[in-house]
Amino acid sequence: MSKVVSFGEMLMCLASPGSVRLRQSKSLDIDFGGAEANVAVSLAQFGEDVSFVTRLPKNDMAELAIMSLKSFGVNTHNVHWGGNRLGLYYFENGAVYRGSKVIYDRDHSSMSTIETNSINWDEVFEDAEWFHWTGITPALSASAFNVTKEALKAAKAKGVTISGDYNYRKNLWNWGVEAEEVMPELMNYCDIMSGIHPNVDVVKEKVSDELYAEAGQQMMDKYPNCKLVVFTARGSVSASHNTWAGILYDGERVYRSCTYNLTHIVDRVGGGDSFMAALIYALRNYETKQEAVDFAAAASTLKHFVVGDQNICSVEEVEALMGGDRNGLISR
Amino acid sequence: MSKVVSFGEMLMCLASPGSVRLRQSKSLDIDFGGAEANVAVSLAQFGEDVSFVTRLPKNDMAELAIMSLKSFGVNTHNVHWGGNRLGLYYFENGAVYRGSKVIYDRDHSSMSTIETNSINWDEVFEDAEWFHWTGITPALSASAFNVTKEALKAAKAKGVTISGDYNYRKNLWNWGVEAEEVMPELMNYCDIMSGIHPNVDVVKEKVSDELYAEAGQQMMDKYPNCKLVVFTARGSVSASHNTWAGILYDGERVYRSCTYNLTHIVDRVGGGDSFMAALIYALRNYETKQEAVDFAAAASTLKHFVVGDQNICSVEEVEALMGGDRNGLISR
Amino acid sequence: MSKVVSFGEMLMCLASPGSVRLRQSKSLDIDFGGAEANVAVSLAQFGEDVSFVTRLPKNDMAELAIMSLKSFGVNTHNVHWGGNRLGLYYFENGAVYRGSKVIYDRDHSSMSTIETNSINWDEVFEDAEWFHWTGITPALSASAFNVTKEALKAAKAKGVTISGDYNYRKNLWNWGVEAEEVMPELMNYCDIMSGIHPNVDVVKEKVSDELYAEAGQQMMDKYPNCKLVVFTARGSVSASHNTWAGILYDGERVYRSCTYNLTHIVDRVGGGDSFMAALIYALRNYETKQEAVDFAAAASTLKHFVVGDQNICSVEEVEALMGGDRNGLISR
Amino acid sequence: MSKVVSFGEMLMCLASPGSVRLRQSKSLDIDFGGAEANVAVSLAQFGEDVSFVTRLPKNDMAELAIMSLKSFGVNTHNVHWGGNRLGLYYFENGAVYRGSKVIYDRDHSSMSTIETNSINWDEVFEDAEWFHWTGITPALSASAFNVTKEALKAAKAKGVTISGDYNYRKNLWNWGVEAEEVMPELMNYCDIMSGIHPNVDVVKEKVSDELYAEAGQQMMDKYPNCKLVVFTARGSVSASHNTWAGILYDGERVYRSCTYNLTHIVDRVGGGDSFMAALIYALRNYETKQEAVDFAAAASTLKHFVVGDQNICSVEEVEALMGGDRNGLISR
Amino acid sequence: MSKVVSFGEMLMCLASPGSVRLRQSKSLDIDFGGAEANVAVSLAQFGEDVSFVTRLPKNDMAELAIMSLKSFGVNTHNVHWGGNRLGLYYFENGAVYRGSKVIYDRDHSSMSTIETNSINWDEVFEDAEWFHWTGITPALSASAFNVTKEALKAAKAKGVTISGDYNYRKNLWNWGVEAEEVMPELMNYCDIMSGIHPNVDVVKEKVSDELYAEAGQQMMDKYPNCKLVVFTARGSVSASHNTWAGILYDGERVYRSCTYNLTHIVDRVGGGDSFMAALIYALRNYETKQEAVDFAAAASTLKHFVVGDQNICSVEEVEALMGGDRNGLISR
Amino acid sequence: MSKVVSFGEMLMCLASPGSVRLRQSKSLDIDFGGAEANVAVSLAQFGEDVSFVTRLPKNDMAELAIMSLKSFGVNTHNVHWGGNRLGLYYFENGAVYRGSKVIYDRDHSSMSTIETNSINWDEVFEDAEWFHWTGITPALSASAFNVTKEALKAAKAKGVTISGDYNYRKNLWNWGVEAEEVMPELMNYCDIMSGIHPNVDVVKEKVSDELYAEAGQQMMDKYPNCKLVVFTARGSVSASHNTWAGILYDGERVYRSCTYNLTHIVDRVGGGDSFMAALIYALRNYETKQEAVDFAAAASTLKHFVVGDQNICSVEEVEALMGGDRNGLISR
């Protein structure tokens, strides 16, 4: 019975090696992703007791996925076996003017065919203090939507803190409704949620606190349970060079991290997930919101220099960067 | 407009490298398979003008599949784009007591959702002399069954020679009928077909010509259009060591190749497909049935020492082996 | 608190790839070994609740070792951090007349500098039913010997079943005593132990039940607590071809598995450990000693066709081989 | 009979992996290049019906070269077999102050020993609309020079549009004449040709339209058949950072693309070839010269972020960049 | 009997591939390092007759180390066999905010257990003109300190020029003394030594000649034998972007190289060693100190674009960069 | 000035990895071969002071070849720089019925264009005791033939023992003479030479001593200087399974090694060279011809289990096999 619960789909990532395009590729590196699994893996590495809830088919590739989660210390007792497919995506890492590319092959996955009443949420949330979910899960299918609602209800009933990442992916919503029709019902369970970044090109222009406060307040007005709105500000100079910062709005004021200059990006996928995971950790382990946003921004900055969707780094490494150690000296 | 037409599903093969198990794998080698595509690739390498008909989704991975076919010289003008998935399978190569393992992920593929009347078979068979199909395609879905029937009717109408490989795969027949209910209608179009090997362990016992003639005659009695029944005799000493031979029955007599002793197998997948392809080539290019079975057995023997499902070898190499050059000396 | 506890040193294995010699190698594949860790990993894969007790330094390479254990589901809560080195060995896989080669670099490892009273054995053995150790640990240092004795005393006090593998390695005993001076004291705690194989070349000659009974009885006479003596019979035709069987003696009679003919060995390291692990599992999960020895022999046969020291296989796979499925057909 | 014909030598590229120097290399990645083959491959990917004419020896490595061309859809029916060598070069990719390095081993290649009257140019140019060649071919040998002249005469006689890239390589001209003695005769067949960039460091200084017009007009004065002069402007900040733009002069005015800032170059070899190929495509498929130069500059910009000499990209990708999508966002 | 002698520990470097973190790594690339071995390798590539003196265990991995030295032409006749361990370290290459990481596993190495009077220094220095050592060796153990002193005495007695690199590594000095207690005695033998860079952030501020002269003069006052003090000025913008320059002070004036802008670093480890090696070469082969510092700075700049600790480059390449060829054009 | 001198062409070997065919290959492993270089490398590993004489072009790939020789301790001072090409060959390793394949690309190599009077043979043979050459060198060109004759004359004049391997390769003799016209003049310088194996299939039939004596005596009658004729007896069961033995005839009697059963061959190329090298070593270091043939057969047996043309093994390993340690146990 873990303190933090994350629920969503785990995907296998098959990536062309190095700078090679998928159309040139002779082999694919195996990695694993999925927004909520990424969050679980980060939290486990930070030392949190975290459980990942999902549905996977009974085959060797799903076994590899589970072994990956277990290797990081994520509790997998709540993984349900069933269905026929491990969702997957092909990944090609970009450079400068050639953007990275993700080709999904996740339709009909075990997670998208999950059934209501198949998970004992009361058991899952026993002793839990935090629940994390994203808008990707309800997008998968009507039943996945319904199971997400089950989870949210159960979590709320247990008094668990809920964080939700809207994570709107237009191509996913294919089961007959528009996201905007059904998502508000789910979002309203959240204590903490991702906000919609003010429509400003952050490479060219500094975004004022006022704009963030305004955007955050709109969320809070729409979702009265919400106590904290979370933004990440990515400036895309090119596929190889971004700027990056984190911002929180708590209804009273805006907290901002410094802006990191990501000049030689290794892999930007999973940046947002690593921010959310680090924020959950920091809100649970630091005293102030300023520390929380600083930790989350530093952690997710490091993600950009790690291969794969998951942020392989430790609290010590995040704190070193957060503490100002930014010139990349050799550690011996 | 090619002389030989092969129709079926092309699959991406993702194989763990060397002797590594899938559960240990960190990367997967990309290859391509599918019984009918394997036949097309072999024929193209032997110099035949061959066209492959299939349906593939419009994405980079299917593009890779097409590029692979084209690299061997297979005509891909009759590939139809559509649907959402390139079917795939994971492959782990066995050794001795650990058998090779194939994990299919081909449900909902573009080929299984092919629709009737989508292919202009008259155009496909213009100038064609030979049509090859297998029992895998009708197993995929009702519509794939119907499109196969369309193809067979059109081929027959044009007077094209038809070869069919029953290739029964129990796990594939999931669309509501038993193979035996619907396959006879399709098999009856065939001039040449694979036979059911006499139920004898060929490692322990030599199978007599009489048994093959009996098995062949049963097929011919059932399918009166059939002029040639084809057998392969695989003796499984272990996953690393098999014996292998080919047999033909033409209603009058039995033709047998020598038996090859495959003592250090590299990869046995695709052995049957390479036999069928080489037989088609040999029936079209040699004078006697004895030569045909000898060529087909030699070609498919070489397949066991080639990585991947497809038989990368030339007519010259097959003829050298067929001609008795069996001690594997270095060619300088 | 796990049911089975294994205690010993975990080592990093750095292996030259494929058939390449270490002296030719440009990179090394990372794997993990150590007799007792191998046993723990096998048991975890068979579904046992197993805890591994060891001592590791606090660095990234030891972290990788732990991640490997966790990925298989081994409980690592009883890993103690301390000391300065992860022991390691370099591995070159042999072929025919060129034997495999292991170069140890394990002196001064964290495990060899373990200190008495550093492990709370009462806690470790709470709820435990089985304890496994080998003669490698007491060989490492005087303190490692003493900690092993602590463990055995505590296990015995709790009524835990104890299995010990003498595993005599001459080069390891460097701390000032001969193995024979001090090992008997430890061996005497064992309920189950490895026996010394009758001095017979099993390639040339069949070993009689009488010889095994005699060898087993000698052990039982020397160690009166011993209830079961375990033998593996390896016939070395060459580095690439061995024969393999398992034998048990329970004081009354001899139980033998069939003899497996390992004609194309992939990697023989860890064969004995995989036998011991499978035997522990089988004694706990099957009714008869005959089944136990059959399961153990089948499992350890599979190990010879798996890359690395650890036996990546499932109960289902072992049972299939044990049940007679020995010709290595493809599983689709 | 293809619409576009490219004629020249195809070379195997053996590249050290990643950032490793050739002197450190343990393996070499196989790729293929050669200016005119690069142009053919780009055009085929853009959907043009293109035929490549060359001469190759009959061996497995040349077969690989042909398979590579065919995989992209290049028509290889006009490849002539003969001679003894596939020309090759070794490639080491540079970084910042360490420039990339190409070591040629192409002497005595099959192409350099091509003989006059061996190619039926009338057949090659049947239905052709465009012919592309470069100054590399006549540099190889007297007979290669003469065959190039044969080709140009035949193309001109058929009214085919001719594009030529002077591509002066001092080290290649070893057959007894200076390039300047014999090239003008060949260049004079061209409708479109590469121009000599004004002698200005484009990193430090903007080159005026006047300078390009002047340089272009000089070409046109020298070669009166020329209707379009083509420039690429590369600014070399370092081996890892270049600027890049394309310029056309049509006798009346100068057309310029925007200047791309190539800040993290993956591989710059083949940049000029990809520009020429894209220009040919664009002149045939867009209405205006401005579109043509924009398409060519965008396509060749993408080449700098593709591994290998050949520009693996599609019309859609080029048009997206040309249309202003320059910040390298992820495509999902 | 070589002209230049370098003495120190050779280490095996086991590096995670590309940008992969050690905690993600499945294999490790084998390379070799150690400050003094790096110097020897550079000098041998520049054509100097150089001998490396060290102590290594008799096993395959140390044999690989020796083979590596020999491949570069370093004389290894003075390698002494003995002890039990080849020291090693694990290496993870950094990017931007994630610094590179070195994990040493060198305790108890053969070099650290070297014994006094085991090396015949008179023989080693016969015909020698230059001796190079660093502060890493005396840090290893009391006996290594004493052997270093033996070497320095013998070198001084033969009139050999001595260069020493203080190379203070806090974590290494574990044998009971502080570096500052014992190093001065050794440093005082040096004719040439590394100086302590003025405490200035060279990214933000230009360091004046006066500051270097002051720092150099302090060294000369403390070590009266010293004739030349050597500085490298590294500005760490990030792990991927540094600035780099070399500075000499000879008691009279300061000589500075230009400052190189290392914008896309491949591997910065060994930068200082490559500077020292190139300086030794240049002081022996050029006429002026200005040329010496220019050569050393150019050579060590190239090191940053070479994989591994050792500077794989030639005199010609260094001179090309030193001569102003800085825009990284392709060499064909 | 070395004791043993070997003269011939060094070739780069570019091999497809593992069991992959060249036509499937995406990368090539770099190795080095050439009969006489293989002999030099073996001798250096056995501890002989050996010098290799050849001619190589001045480029990075030839530098790699030299680094490889130096890494094994071969003296390369007598390598002459010149010409334009490093000869090379492509290699595909066979299996069972698919023989290994070597595709040469060595025409116009630096060695084939070597000039008479370019090597100071008096200097080369100063202090030399043994000279080894093969019939490959005179096959390359008239000048290579003449330089070989120069070498043989000089060696004979100095009283150096000469061993020659006829090594007839039909495809190489292209410079206008038949081998049999000119080789006898060179062979007549030899003290030791390879003999022509009796025309018997050694898999099926044991060859009698009488047959070897007869074949040897024929050589001695033809070449009266010859004191020892050397045979290797390879029985090709398949590309993966050979038998192997060595035989000497000294004019008086026949000496035979045992016959090795090479059941799982890793790489058979270089088997003959490794035999010759080991024989030279053994004739110089053992007392009896029986020991010599036993050592040579054991050493060349090990070669079949080593990747690459060169026999990476030590005297200790050969002696262990020669001494009867043939069951391939693990060395720990």
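Lettered A, B, C, D, E and F in written order, each chain numbered from 1.
Definition applied: a contact is a pair of C-beta atoms (placed from the backbone, for glycine too) under 8 Å apart; a residue touches a chain by one contact, two chains touch by 3 or more.
The chain list, named the UniProt way, goes like this: A, B, C, D, E, F = 2-dehydro-3-deoxygluconokinase.
Treat the numbers as computed from the prediction; the structure is a model and nothing was measured.
Colleague: Specify the chain most distant from chain F by Cα centroid.
Modeller: A
Colleague: Would you mind working out whether chain D and chain E touch using mostly the same residue numbers, over half shared, or mostly different ones?
Modeller: different
Colleague: So how far apart, in whole Å, are chain B and chain C when each is placed at the average of its C-alpha atoms?
Modeller: 45
Colleague: Could you give the separation in Å between the centres of chain B and chain E, each centre being the mean of its C-alpha atoms?
Modeller: Spacing between the chain centres: roughly 62 Å.
Colleague: In chain B, what residues contact two or more other chains?
Modeller: Residues 18, 21, 23, 26, 67, 101, 264 of chain B touch two or more partner chains.
Colleague: Applying that definition of touch, give me each pair of chains that meets it.
Modeller: A-B, A-C, A-D, A-E, B-C, B-D, B-F, C-E, C-F, D-E, D-F, E-F
Colleague: Mind listing the chain F positions that touch chain B in their complex?
Modeller: So the residues of chain F in touch with chain B come to 18-21, 23-24, 94-102, 104, 169, 171, 203, 236-241, 264, 268-269.
Colleague: For a test of understanding, state which residues of chain B touch chain F in their complex under the given definition.
Modeller: Interface residues on the chain B side: 18, 260, 262-267, 301-302, 304-308, 312-313, 317, 321, 325-332.
Colleague: Would you tell me which residues of chain B are touching chain D in their complex?
Modeller: 67-68, 70-73
Colleague: Which of the residues in chain A end up touching chain B in this complex?
Modeller: Those residues of chain A that touch chain B are 14, 17, 21-23, 25-30, 59-61, 63-64, 67, 84-86, 90, 92, 101, 103, 105, 107-108.
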